[in-house]
């Protein structure tokens, strides 16, 4: 049973990481807490759901569509809203993203009703892998694989491509980045877009085994905040490891102390880790 | 090549530079000298587009650049080596250099630039994959200049490169700049160390509390009594 | 500068005041306008407040409840001779010269604070003569306290916490069976299965959400099981999970480890669905799963889970399988379905009942005077052809003494009534087949 | 300059707030005024630690909740007057603030913010699971005879309003006093740079701790009032992140770091949220929150320094011109 | 000989494998102006940070006025009368000049009036009085440096540690700064000055301590230091040496 708990915890951790990667990117590059991140996730889940319901598309088919759509939405969010608040003092950006999250969440309720919905069949639905005493659902497995692939992709993108370098440079020193001929406005918009694409992929993968409803995104974004802070803001690897740690903490904590305490354990782990590493596990 | 007319600029509605006019001709090495707070850095920041002028005109190679965003100006051929080096400490030397070549598209051209730059600064080649923050101050300054050169600029602007460098290194970097200038690149140097800056300059301007108070060849300025007075704030 | 500051501040505050004033004026204007219209028809309007979770995490249910109450309003105000109910046949309330009933909806956002202030507003500003709602027991508590203070009758539909009727409130009544009654029902049903089908159910696990609803349900199980020890029942696991749970992996593993024969669930639709998915994934096969009034009763449960929803059971005020047996219910459902697109379900029907009952009480009292309405509520019996019990009667504590619920089980995607045997639409299936054999 | 002014702007604000409920005797308006005072006061309290000292707290609901629970539990279990409960709640919240925030002060920026959020969530979970305080079930405060001792008033909201006004005034005056005196200077120095502050002899940890404790104490007082006013509390309503975020939002909306900010912010946000809900909430489509969200975004975009920013901008322009004149 | 005001004994500070200070020992007597010089990366600022408590040295002790202040928080030393300024100025940007100085003055008083009086007095002394209501952020570099000193002075220190307070100033401003230092000395304030500009500090220093690569290589009166071959080689560089001799 313990094995199963650990396996489930790690798998869930990968899913959390999936959500956190996009968040950490914006946070690290622009120092903005995007409270609407969860809502982007929710839109992605709805996209997949509607493509499944109306067009009978498998979630894996609609995954790129969701990623692209959220990329565009995020990109526009930057252009329309974030651009105006990024240089504002203190918590203004937070105010804006919080307002945006309220707006999107309730717009979703307005448009699609607050019902809980499910994508009932997909390539991976209801399939599972049994390894001795451990049972692993294929949808979770797919999501975990997705999160690993995405971590690697985003990591590679940031480290090795020209745009990635520009993102890094902008994160480190915006003015000097401009002197390199980098259009930092564009870099920010792209960063926001990529973050959106990440969460779009996350939403598509998660829609195969989580319910879709207007509040569904908010659930994961709170945990994603903790994961990002645990891993260190802006650190892609940190988000992955942070996710796994949180997933494990939740599973093992719930197992040991009673499941009602599982999130309390998660928050406690964060507080403990942060005492030793005040800037997160991988923070500079 | 670069013409600045009646430039006024500053921060938060507070002007720092008043009505400054000067020019840089193709192939020259021009120094702007003045004590700290005179507005030298402000002028460079305006030239490279980080600040927008309150009034006045900037013309580079016949194009108005005063309303262009910074990254467009880089594409026009102006490279700005900022005060305090500002290398990307968490990134490798190579990444820093590649960032300098951000405006270039052609991979072969970038490779070519890289080779040229490594020829000028062999030290950087040795440290190619080190994080920039692990370099010494002098090496970082070299990296900053090399990074500026990567964009294949027509005009290289260097801000206060002597700041925080020990004198022996100041001399070395000055040498390198002179060499670069000799190879035909136009250089605009901003310095508070009047001696060193004017010694090597073809022409120079003296800035005092936001106003240009003297101009002439490097030698003229060094010998001019008036300049000394102005510079020392008398 | 500072003077300017204060001026602006004052302006803001005054703006707030004006806004408030405007709101009032608007209402004031609306009211006579409506009254004018009404006087033309020589009738008046009886206003009743309905406080529901119309946004937030329970909005899905709240919106359905709203449709149900609108259905009640339509039946009362319109002429529906096809439905065998007193208020349906004539337009409006016959004993009040055909006065129309208007339900005024307010959103409590699942927040007790808002529920309280909305109750006050409805009573004071909207001049409602009765209140119904609030679905969440935690919201019903402060809202009904307000009703008590203003001496306005409050009829709760689907709020199931037993604590509500234990407070000794005079002006409070409730339609739905509370969780204590439900728990007794559960054990009686299990006993029935054991006796009739030799189901051999002994070990009981309780899975419940960590809020008022879940915790209270569990307390009832703890208390009630003492009386059923003799029948061989024992509690093998109680698993409490956080509200807003993001996944239920660990919870299900704990359930699995306890190997229960029966699982009692106090869960909302979202978490309930996740549990079922996980039961399937980890191959948890109990004999019976019984759900307190909550997620199971939502028709979305079957829509989302399809075949996987089969064999789950729970008490329900109604089921679509009963429609054919109960023509009045069927007709009510037609009206409801036209609005909401889905069949009426248990909680929804209970809130529908609360709307009908309060209107009927006013009609029976022949006046909107609160004391008379309350007297009617407490003393009269109300016909409820839409419930299997057929009637509603409130006890001294305000609890409906006729349990409106039947035990249902989902079979082939349909909520079949399985117990008590009088209302059976299908026989219960007292064992889960293996998940792979569905 | 303005020192000898006949009235202080705060007095004007106090006066206007105080007479408003007597002009408009609509009970719903009274409710809004009470909520306005509670949230404006919470904003003032939060502003001390976040606006002045620059330590972003996302967990103020914890102190609010502790205040609410302490008095309620004492009243519910032992029939101790809520006033005594309020004082105990304040002490307890202050103690908790000191104990939990001390180890967090070495964290910078958002790491601190997330830590406060984590602490608040843990405290919430403790209360949910704590049977003595009725856990998740919440406590319905026994309805007693109305009177100042029981802090319960059933016939009119005016007494609640006056109590709220009193605590609000204390909060505003505390913030005002801090701002004008040594502590305010010190907190602002800490906000702008810990090292510089340390170098001139400011014990940054001590002052941050003071600020947090004062802030927690004020928040707890409002908690007690809130519980007595609603007469029902459960952990989900007082410990929720929604309360923390509402405090943050309205203060940022009004203007961070100024005693006027929370007042302006609450004066806009509270009536706005109440009235959008009242007029549009009944539709069940979330229209009220759509509009509400859009308005917040609009304010953030067009007035990034909060509503107060409009005035500041004017001021700065004037100063800037003066300075330019002085230097040329 | 009286006990020194500041007594630094065997300070060693490491960052990972990098040794920034190695066994540095020196003392500053009451009423002295002592300069701490050395080429870039010699570890001057690190030493400053160790003395004032921003860093915890790996070994060694620091005594101020006979009290052990090693690894005590900076505000502790400030309270004892040891205040420092920063190489990179840290004005409290959103406050005015006067408020900046008042913040310093609050160390010795809780009264706002008193703090204001102290602030005005110090602003006069540092020639900032006419800019007292200007926001600190809009000052020029020279004024910011002056403000940094003014704020430190407002804490009424026995000893002031200036970290490159003259870097980036012009000739006239440097002269002003030198005057200021001498004026402070007359007022009985002991000074420890880190500086690059030799011309400025040589005339005013009573003693000069030279660091190179983290180690102390000289500790003597200025005349002797300037003629110390090791110092010249390590620090000045040929050309600069020649030039400063010329002037």
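Letters A, B, C, D and E name the chains as they come in the text, with residue numbers starting at 1 for each one.
One rule holds in what follows: a contact is a pair of C-beta atoms (placed from the backbone, for glycine too) under 8 Å apart; a residue touches a chain by one contact, two chains touch by 3 or more.
These figures come from a predicted structure and were not determined experimentally.
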Contact distance in steps, from chain A to chain E
2
In contact with chain A and with chain C at once: which chains are those? Just list them.
D
Would you say C-D or A-B is joined by more C-beta pairs in contact?
C-D
Determine, using the mean of C-alpha atoms as each chain's centre, which chain is farthest from chain E.
C
Report the chain whose CA-based centre is farthest from the CA-based centre of chain B.
C
Computed distance of Cα centres, chain E from chain D, in Å
43
Mind checking the centre-to-centre distance between chain B and chain E? Centres are C-alpha means, answer in whole Å.
31
Between chain B and chain D, tell me the centre distance in angstrom, where each centre is the average of that chain's C-alpha atoms.
50
Interchain centroid distance [CA atoms averaged], chain C/chain E, Å
74
Using the touch rule from the top of the page, what residues of chain E touch 2 or more other chains?
138
On chain A, where are the residues touching two or more other chains?
106, 109, 214, 260, 263
Two-or-more-chain contact residues of chain B, please, as numbers and ranges.
12, 14
So in the complex, which bits of chain C are touching chain D?
1-6, 8-10, 12-14, 16-17, 19-21, 23-24, 52, 54-55, 59, 62-63, 66, 104-107, 109, 111-114, 116-118, 120-121, 124-125, 138, 141-142, 145, 148-149, 161, 163, 167, 210-212, 214-216, 242-243
In their complex, what parts of chain A are in touch with chain C?
1, 4-5, 8-9, 11-12, 15, 106, 109, 113-118, 120, 126, 128, 135, 137, 209-211, 213-216, 219-220, 223, 250-251, 254-255, 258-260, 262-263
Of chain E, residues touching chain D in the complex
52-54, 73-76, 78-79, 83-86, 90-95, 99, 102-104, 106-107, 110, 112, 115, 130-131, 134-135, 138, 151-152, 154-155
In the complex, chain A residues that touch chain B
162, 165-166, 168-169, 172-173, 175-185, 284
Interface with chain A, chain C side, in the complex: residues 55-57, 59-60, 62-63, 210, 239-242, 244, 246-247, 249-251, 253-254, 256-257, 269-270, 273-274, 277, 280-283, 298, 300, 304-306
